[in-house]
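The next block holds one structure in the form of C-alpha cells; read it before the comments.
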Amino acid sequence: MIEWVNSILQGVLTGGLYALFATGLAIIFGVMRLVNITHGDFIVLAAFVALVVVEGTGVGPFISLIAVIPIMAVFGYVLQRGVLNPTLGPDLLPPLLVTFGLSIVIQNLLLEVFSADSQRLKIGAFETLSINLTEDLAVGVFPLIIFVTAVVLIFAIQAVFNRTSLGRAFRATSDDPVTAQLMGIDHRHVYGLAMALALVLVAIAGVFLGVRTNFDPSVGPSRLLFAFEAVIMGGLGSLWGTLAGGIILGVAQNIGAKIDPGFQILAGHIAFLVVLAIRPNGLFPRTRDD
Amino acid sequence: MIEATAQGRYSVIRSTRASRGGAVAGIVLLLFLAAAPWWADRATMRLLVEIFYILALAQMWNLLAGYAGLVSVGQQAFVGLGGYMLFALAIFTPVGAAWSIPLAGLIGAVVSLPVAFLVFRLRGHYFAIGTWVVAEVFLLGFAQIQTLGGGSGISLPVSVVRDIAASRSGRDAVIYLVALAVVICIIAIVYGLLRSRHGLALTAIRDSEEASASLGVDNFRAKLMIYIFVAFGTTAIGALIFLTKLRISPAAAFDINWTTTVIFIVVIGGIGTIEGPIIGTLIFFLLREPLAQFGTWYLILLGLVAVVIMLKAPQGIWGLVAERWDLRFFPVQRRLRFEPPD
Amino acid sequence: MSLLAVRNLTAFYGDFQALFGIDFSLDEGETVAVIGANGAGKSTFLRSVTGLVKYAADEFTYDGRSIAGRKASDIPGLGIAMVPEGRRLFPSLSVEENLVIGGYDGRPGTWSLDRVYGMFPRLKERRDNPGTALSGGEQQMVAIGRALMANPKLLLCDELSLGLAPIIIKDIYESVPAIKAEGVSLLIVEQDINQALEVADRVYCFQEGRISLEGNPAQMSRDDIANAYLGKSQ
C-alpha cells in the first residue's frame, strides 16, 4: 500500500515539472493562438545552453540560469518578431508548419553540435538528498524544490496576467489585436514579450529537466507531448488547471511505471485520451468560448 | 455546360491544354515505368519503389491537410499500423502478401474511427499534436505485443517471402509493380475525388470554413470521410513500405520521420494541389542523392527551406509555377470561359 | 490652424478602391460629423486616420505634423483616440480593466477612472463585470470612457448609435457636450443623420468614396442632404 502512496507522491512532484513545461505552451497559445510545436525542443535547447554555461564557467546549473534566462528570453522575442509574427493570421497552416520545421532544424543543429550523447546537469550530493515523511515514505529535496518552484511561478504568471498592465495588454491582444492597436498596444511587440515570457519558463524548465534526467537532442518532442497533454487535460480556463493537468499526467505515469516499466509513458497518454473522451474541454474549461 | 447571356456565352472549362498534353505524356511515362523490370537495375528499381511510396504518402497527407484542413503530424500511426498488419496477416493468416495491402487499408479505416472520435475533439493546432499522441500510443502499444516481436521487432518469415515469388529478381519485380499500382491508384482516386462534387465541397471548406457551412456543406462529415479515407490509404501504403523492408520494429514503423518527410515534400512542392507533392517528391529525392552524406545538415536544410517557403511563398514551388505560366496538369477546378458575342 | 488636415486621400481594400481623393480638415475644438450611406467610405476614412488601412495622400497632418504611414499603435500616443464601430470591448477584461487599458499609452491629461465614472455612474456599479456582460448602451459608455482614458485631443467616434434604441442613443449623445467642454475635438461618423447634425459644427457627406457635400448643418436644406446622401440618380 505504502508503495502506491509513494508512487502517487512522486507522480505529483513530477507533475510540477510537467506543469512548468505546459505553462509556457499555455501562454503562447493564450496570447498568440499559436500552438508551438517547437516547445519541447526549446526546453532541450535551454538545457544545452545551461550545459555550455556550466562547462564554460564552472558555475552550478542553478546559477547558470542568470545567463540562460536572458538568452532564452531574447531568443524568444527575436524569433517571435522575425519568424512567427508573419505566420499569424486566419490560416492555421503556416504557424503550425513553421514551428514544425523549426523543431526539426533545432533538433538537428543540437545533434550536429553536441552529438547524440546523453548529457546531465550535475548538482552533486544535493540531487540525492531526501526528507523522510514517515519510516517508509521519503521525498527528494530536489523534486520538492521543482514542485514548489512550479507552483510559485504559476502563481506569479497568473498574477502578471490578472493584475498588471502587461497582463491586460496580453489579454486584450489575445481577444482582439486590431482594437488593441487602437489602445496604443503594438501587438507585434506584445507577442514578442509573450514568447519571451514563455521562454523564461522554458529556461527554468530546461535546467530542471537537465538536472533531473539525462537529455539528448531527441527528447524534445516527448516533452512537447507532456506539456500539451497537461494543457488539454487542465482545460484552457486558467494556469491552475494546467498545474492540475501536469499532476494528473505525472501520477498516471508513475502508477503506470509501478505496474510495468514499459507502461510509464503509455499510461500518461492513456490518461490523456480518457480525459479527452469524457471531458473534451478539460477538467477546468474556460467559461467563455472563443 | 454552356450558358448564353445577352452579352455572350460562358462555358465551364475543366480541362486545360497542359492537362490534355500531360495526359498523353503521362500514359507514355506510365508505360515506361511499368516496363522498368525489363530495363532497370536492382538499385534503380528500389529507388523508384521508395519514390512511389513516399509520393503516395505525400498525396494522402496533402489531401488531409491541404484540402480538408486536418493538419496531422501523426500519420505515422497508420504507416506503422499498416506495416504491422501486413506482418500479422502474413504470419497468422493464409492471406498472401499482395492481398494484405488492401486488407491492411481496410483495418486502418476501421481503426481510424475511434481515433477520429478522440482527435476530432481537438480544434485547430491542438488536433495536430493530438494525432501525434495517438501515434505514440500505437508505438508504445505495439512494443508490448510479444507475438509481433515486442520492442525489438520481427522479420517476415522466409516462407512468406518465398510466396511472393521464388526468385529474388521475381520478388523485386512483383514489389515494384505493386508499388507502382498503389501510387497510381492513390493519385487516380485523389484526382477523381477532387473533381467530384465532394471535391468541390472540400475546396470550399479549405477556402472558408464558415462560408461553406452557410452553403450547406457538412464540414464535419466531409472532414471525417477524408480522414477515414486517408487512414485507409496511409495504412495500405504502410503495408507496402514494410513489404519492401521485410523487417519491422515499433521505432521504425511509427517513426515521426514518415510524416516529417511528407510534410516537407508537400510544403516545398505546393500544398493543396496534386502536382505539388509530385514536384516535392522529385526535389526531395534529387537533393537527397547528393546531400544524404551530410546527414543532419540535409534535414536542417530541408527544415529551413520549408520554413522559408511557408513564410515567403506559402503556395510552394508548384504554386509559383502554376501562377506564372497558368499550368495545371491535374485540373480539379472549374473555370469559366467567356466568349464574346459575334 | 487645422488639427487634422487631409488632402487627396485614396485608400484600397485589395482591388477595391474605397476612397477617391478625400480633402478634409478639422479645426481645434471643432466637432465634425461625417455622414453617408453604408459603404460610402466613412469607416475607411476613420481607419486611415488611425493607421489601420494603407492609403495614399498628398497631405495627412495632425497638429502640424505628418502622420502618414504611422503605425496604428503610435496614433493614440499622439492624442487621437477612437470609439470603434460595434464597441469592440475586450471580453477577457472587466469593465474597469477595459477603461484602464484605454490609458495604456500613459499620455498625461485630465481624464481618470473617477471622471469617467462621474460621467457614466452606471459603469461604476458594474466595474467588475466582464465588459461584454453589459447592455449595448452600457457597452457604448465603456467604449467612450475607454477612449477618453487616453486623454485625446481628437476623439473619433464610429457609429455611436449603431444597434441601440433611440432613448439610449439620446443618453449617449448627452455626454458629447461634456467631452467638448474639455477642449476635445470630435470627428463623428454616423448613419443617424439627426444625431450627427445636432452636435456637429460642420458636416461632410460621403458618397461612394467621395465627398458630395460639406458645410455648416444650419445652412443645409433637407433636400441638399438627401441628394448628397443617396446620390442624385435616386
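Each chain carries a letter (A, B and C) given by its place in the written order, and its residues are counted from 1.
Basically, a contact is a pair of C-beta atoms (placed from the backbone, for glycine too) under 8 Å apart; a residue touches a chain by one contact, two chains touch by 3 or more.
Because the structure is a prediction, the values reported are computed rather than measured.
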Shortest contact path, chain A to chain C, counted in steps: 1
Among all chain pairs, the one with the most C-beta contacts: A-B
Chain closest to the assembly centre - both centres taken as Cα means: A
Cα-centroid distance, chain A relative to chain C, in whole angstrom: 44
Distance between the centres, which are taken as Cα means, of chain B and chain A, whole angstrom: 33
Distance between the centres, which are taken as Cα means, of chain C and chain B, whole angstrom: 53
For chain A, residues contacting two or more additional chains: none
Residues on chain A engaged by chain B in the complex (per definition of touch): 29, 34-35, 37, 83, 86-87, 91-98, 100-105, 108-109, 111-112, 221-222, 224-225, 228-229, 232, 262-263, 265-266, 269-270, 272-273, 276-277, 280
Residues of chain C that touch chain A when the two form their complex: 50-52, 71-77, 81-82, 84, 88, 90-93, 97, 100-102, 104-105, 130, 146, 150
Residue ranges of chain B touching chain A (in the complex, touch as defined): 65, 69, 71, 73, 117-118, 121-122, 124-126, 128-130, 132-134, 136-137, 140-141, 143-144, 151, 256, 260, 263-264, 267, 271, 296-297, 299-300, 302-304, 306-307, 310-311, 314
In the complex with chain C, residue positions of chain A that touch it: 165, 168-169, 171-172, 174-176, 178-187, 288, 290
